[in-house]
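Shared between the two complexes below is subunit A, which has subunit B as its partner in the first and subunit C in the second.
Entry: the complex of A and B
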């Protein structure tokens, strides 16, 4: 699509530039004898109301229309990009002042300003287009400023500063490269707008009456609508084609420049970082016979378009038991947990195997039934407590709403239950936390809130994905204590996904160790941590840094 | 005392939110020093100000009061030009190897950045890659082709590029897997033995800090509550609680630690 629109644009520009070659007639040569006449040799589009050659007026008019848009664009770029760069990179008073000015200009109605400046500065197209450039500069300023301010906070810019690079060099090497694509897209969009605005002015008769432009041609054709409606066709077509091609080009550019997914990805690890012990044949992790009543996974495989990431995983969680699922990043432990919850990303799917939760087979279960299961039997505690709370709502409303839907409680009942839950998770001032917004509470508090939410439907099975990884150690110790108490008091089965062997030692009854999508070892926590059978488990344990008690 | 880096009564604050809001005190008088070839670990919880200490030394946050002396020179208010020269001696490794490398520049390009305009930059890049145990052809690849541990090696190589005397390591291994952590820490120690560089090593993880540091300073709410040797006995109850809160991979020992932590009564 973008090739076609680019081609159309290119042809239009070329034709307009070659106007003297294509059309031997001048745009202003009128012969009233030919007024409103149809096509004639040498005049393929015929004549207008003043007997001027339409093709010539179209081509020369294009020079003025497109040239005017170009001027407006250049002015806008020259003002908007440098000011946006400075404001975004340095911030401070310049940013504040520029922001104020930009808001002011954006609040002005463009048409009114253009009308006023025509009255003051005269009626030349070019002057009006410079004014228009001033009016659209803010859109570039805002775009550039926003992106630069974002890049400014990136660590690699800090690293470049520490490396001793000058600001000019950092902007050139690290910042401009990021704003390039959005600017190109914005140019295509704004060019269309500039052409439209300019044609609009001319159509209203507010341009310079004597120079041919597409807008002026439309105006003239409109006056003679009754007599020769075909006059509307040519300038209308030129305007429509140009703006349409610009919009399509912008959309096409956005797709190519801003979607990294469309680029071919070469994922070739340079060297294996970890020592690779000989792969032991995947031990049958749980016999095919006895399956746990609460959660039982057999021969599970999870596949993405790029390939299978979880192979033949089997595990069991009994009621009242905590199973630790241990592994490094990329081992497939989270994928396994997600398939149990039925929340795999869109492109992933369970390609093989069986998962039963509380006697229900989950693989192939319709989404609606799965959702019911998630709200009642299974609950989930995520890794990042903060990003799992909506910053726009109070903690309380985020606890109350699901309970009203899931448990069909009345408002007052649900509020009372939410407060009970908050004290259940050892929050000392439940009322205050209930009324707080997520940004007003700490990460540890947020995780307690999520645990309270998970407990609200009185689940039998809890799936916790690295529940304490984002927390400080002291908070982690408290949250682990809380999880242990809740699990004991309610006889919960827990599947705890973690990379931290200390957390395993603290909380888990049994452990399954995952590596590259397979379970390499299962056993009691004591056995796996103290007498590991698999070389990979041994390697993990060796990597733990010592922390002797004092 | 011939310390390489001396920080005295360092105070940093950030502007408060809103009109005429009081400033938020981040550092409330920090004193520390790092000798040549030594590693000083800075440990603390989130919000303790540990990262700000490193950023202040690097000149990435404005210093409110106090002094930072590096190699005998006061640098807390060094002008930008001087800062750029200091880059030769003072380098950094950031926490997140995913955002600390420009995704659109090749590894070789990133490594050559501090060497711009120097003769033999290309050969130097090859030496650097070798030193951090990456293959030579890594120079022509983009960061996204590398794993977290490999990216952190690139970041280490960048810090080493012009032979600094002090590297601020800001949580350099906390985004890495356990096994990768150990190899990166081993690499840092190996480089220190070869080059005699000093580290200011910032981390929330006491085990990591104890593994690499000669001395440890424990931060809390912008103050140093205790300074101790790497194998030293923590005396301050806060340090003890940090130590006991970190779980260890030993069922019986962890149970004892858990009970000890719960019996500690401090808030």
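Entry: the complex of A and C
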């Protein structure tokens, strides 16, 4: 794409520069008896309304149109880049003043200002293009300033400064490199805009009378549209091709020059294609025959386009029991939890196995039926408290909404219940938190709110995904205590996903240990922590045991 | 929220004030001999001086500006030097045309780009590709070129709409509709392209957020999550793009009004700025700048309402 658009641009510029060679006729030679005539020998594109050669006007007009845009671009670059570099690198009063000026210029409608400046500066297109350069300079200033201000804090710039390099040298050697690619992209974009604006001005008849420009040609064509619409074709094509090629070039350059890693990353680490062992490991994976009534997973596999990430997982959670699902990050714990909830990312799916929740098989269950279970039968407590509350709604409305939808409560009733829930999760001032936005409460508070949300529709099973990892140690203990109390008081079953064996020792009745997408060991917390059978479990324990588990 | 609005209004007023000062200074510097232009080259010097005195041009520029400002604040923009029209009345006659054009474009842009952006962001696939292509095309082609092609196609070739002319809303609704539809559509192409692309991008962003997954885990229906939570969170960045595009839209309106022969502020700007008619030029610059400031203020307030965090700034 970018090669094609680059080639088109190159050809246009070349043709325009070689106008005298390509076109034997002059742009201003008119012979009225040829007016509106089609192609003739020596005049491949025919004649315009005044009998002038269209090809000649197109090529010479291109010199004026592209030249004008070039002036505007150069002025904008000369103003925008240095000021952006200085503002971004030094900050302070210069940055503040420049920022204010930039806002001011950006509030100016370019077309109106250009028309108004015509009154003072006269109808000289070149002068107006300098004004246009002023008007589009902010886009370069902002771009450069933003990037430089970001780079400035980077370690390598600090290192360069510590090693005694002068500011000028640092800017030249380290900072300019970073802004180069974005500037090139921006140049292509802004050039397209400048050409459009410039042609627009010419179309309005600004500029000295007979000078051929693409805009003026379009204006002439527009006046004769009823009689000969074909006149619009060539200048329109020239203008459209040029600015189109510039924008496509910018898009192409962006793909090449800027982070090729911006493609959506897969949520899970790539896993080597699993080769199923000839003999399926028997006992530890698929627990003993009896399946728990509340939650029972058998032979579960989760697959992404990149491969299978969970293999043959089996686990059971009984009512009134806390099962800890332990393993290092990337071991498939969260994928297992998400499959139970039916909230795997778009590209992931349960490829095999069976999951029963409260007696309902959910593998293959229509999404609508599965949704009915969420909230009311199985509920979710996420890991990061702050990012799991919608920033645009108050805590209260986020608690009330599911209860109104799922339990069909009236508004007043739901509000009352939400306030009760907030007290239940040991929040001292429920009314204040109810009316707060997520950014106004602390992380620990937010996690309590999320627990309240999980409890709101009276579920039987809680899936808690690292519920305390993001919290500081004191709050962790409080939240774990709260979870324990809620679980006991309501006889809940809990699947607690964690990598923290201390939490397991504190809270869990039974433990399942996961590694590389498989369950390697299941047992009571006491047995797994004290007499681990699997070498991996032993390794995990050795890493923390002297410190946390007693 | 009130404090936030007050701060924004104050900043906008300061901006308008500085721009008025700069514009007036720039307009006064080259000192085109307005009196001589009015009276003709052969006029006696005494007459020219008298005319200058009558227009107040013999006073220092600062005094002239303060005089203008004092009157402008009271809503008096003076009379045109060349046509003796009351500036405010001339503008008031033409403002409804431009305003209805802008309102139409904003409405069309908001509706179409929300629809397209949301659809592209949620469904991806073919719709997504369509919106992407539309966005590139909209950016790539100068607005007035698109307008010319539309005039040729819909007015000249197909004859669905009149090519030029304007019928006031108070005269006939259908007449008005037939004269503004094409201008509004022509102006909307570019803004729909830009805003739909932004809506698509922010919808995709929001859909990846943790809280959307948590909302799904709460068992809320997808339609509700998208229309209530995703839309609201995605709307703020889209709105700021819409606000930024408004400046460009004013420029587009100048061309579109000129092409369709609409008697609005845009065509007035083209017609009235050929000479150094300071009262008219000042009024036109100020009304466009105030338009931009007001729109951006509204956008900021709307974003503040949508996104409580933004109110802190």
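The rule is simple: the second predicted complex is superposed on the first by the 420 of 550 C-alpha atoms of A that agree within 3 Å, B and C clash if a C-alpha of one lies under 4 Å from a C-alpha of the other, contacts with A are read in each partner's own complex, and residues count from 1 in each chain.
As a working rule, contacts are C-beta pairs under 8 Å (C-beta built on N, C-alpha and C of every residue); 3 or more make two chains touch, one makes a residue touch a chain.
Since we're looking at a predicted model, the values are computed, not measured.
In the superposition on chain A, contact of A:244 is made with subunit C only, not with subunit B.
Contacts of A:92 after superposition on the shared chain: neither subunit B nor subunit C is touched.
Applying the stated contact rule after C-alpha superposition, one finds that A:307 touches neither subunit B nor subunit C.
Of the two partner chains placed around the shared chain by superposition, subunit C is the only one that A:110 touches, whereas subunit B remains out of contact.
In the superposed model, A:379 lies in contact with subunit C only, and not with subunit B. Applying the stated contact rule after C-alpha superposition, one finds that A:341 touches subunit C and leaves subunit B untouched.
In the superposition on chain A, contact of A:155 is made with subunit B only, not with subunit C. Subunit A uses no single residue to touch subunit B in one structure and subunit C in the other. Residue ranges on subunit C touching subunit A, taken from their complex, read 15, 18-19, 23, 26-27, 29-30, 32, 136-137, 139-145, 148-149, 151-152, 156-157, 163, 208-211, 213-221, 224, 228-229, 232-233, 244, 247-248, 250-252, 254-255, 258-259, 269-270, 273-277, 281, 284-285, 288-289, 292-293, 296, 306-309. Those residues of subunit B lying in contact with subunit A across their complex are 45-46, 58, 60, 80, 83-88, 90-92, 94-96, 99-102, 104-105, 110, 113-114, 116, 133-135, 137-138, 141, 144-150, 155, 158, 161, 177-183, 185, 204-208, 210-211, 233-234, 240-251, 253-254, 256-258, 260-262. Within the complex formed with subunit C, the subunit A residues making contact are 103-104, 106-113, 115-121, 189, 192, 195-197, 199-200, 203-204, 218, 221-222, 225-226, 229, 232, 236, 239-240, 243-244, 246-248, 251, 264, 341, 343, 371-376, 379-380, 382, 384, 387-393, 401-402, 405-406, 437, 439, 450, 453, 457. Interface residues of subunit A facing subunit B in the complex, by the touch rule stated above, are 154-156, 158-167, 169, 173-174, 177-178, 265-271, 273-274, 328-329, 443, 472-477, 480-481, 499-506, 525-526, 529-530, 539-541, 543-547, 549-550.
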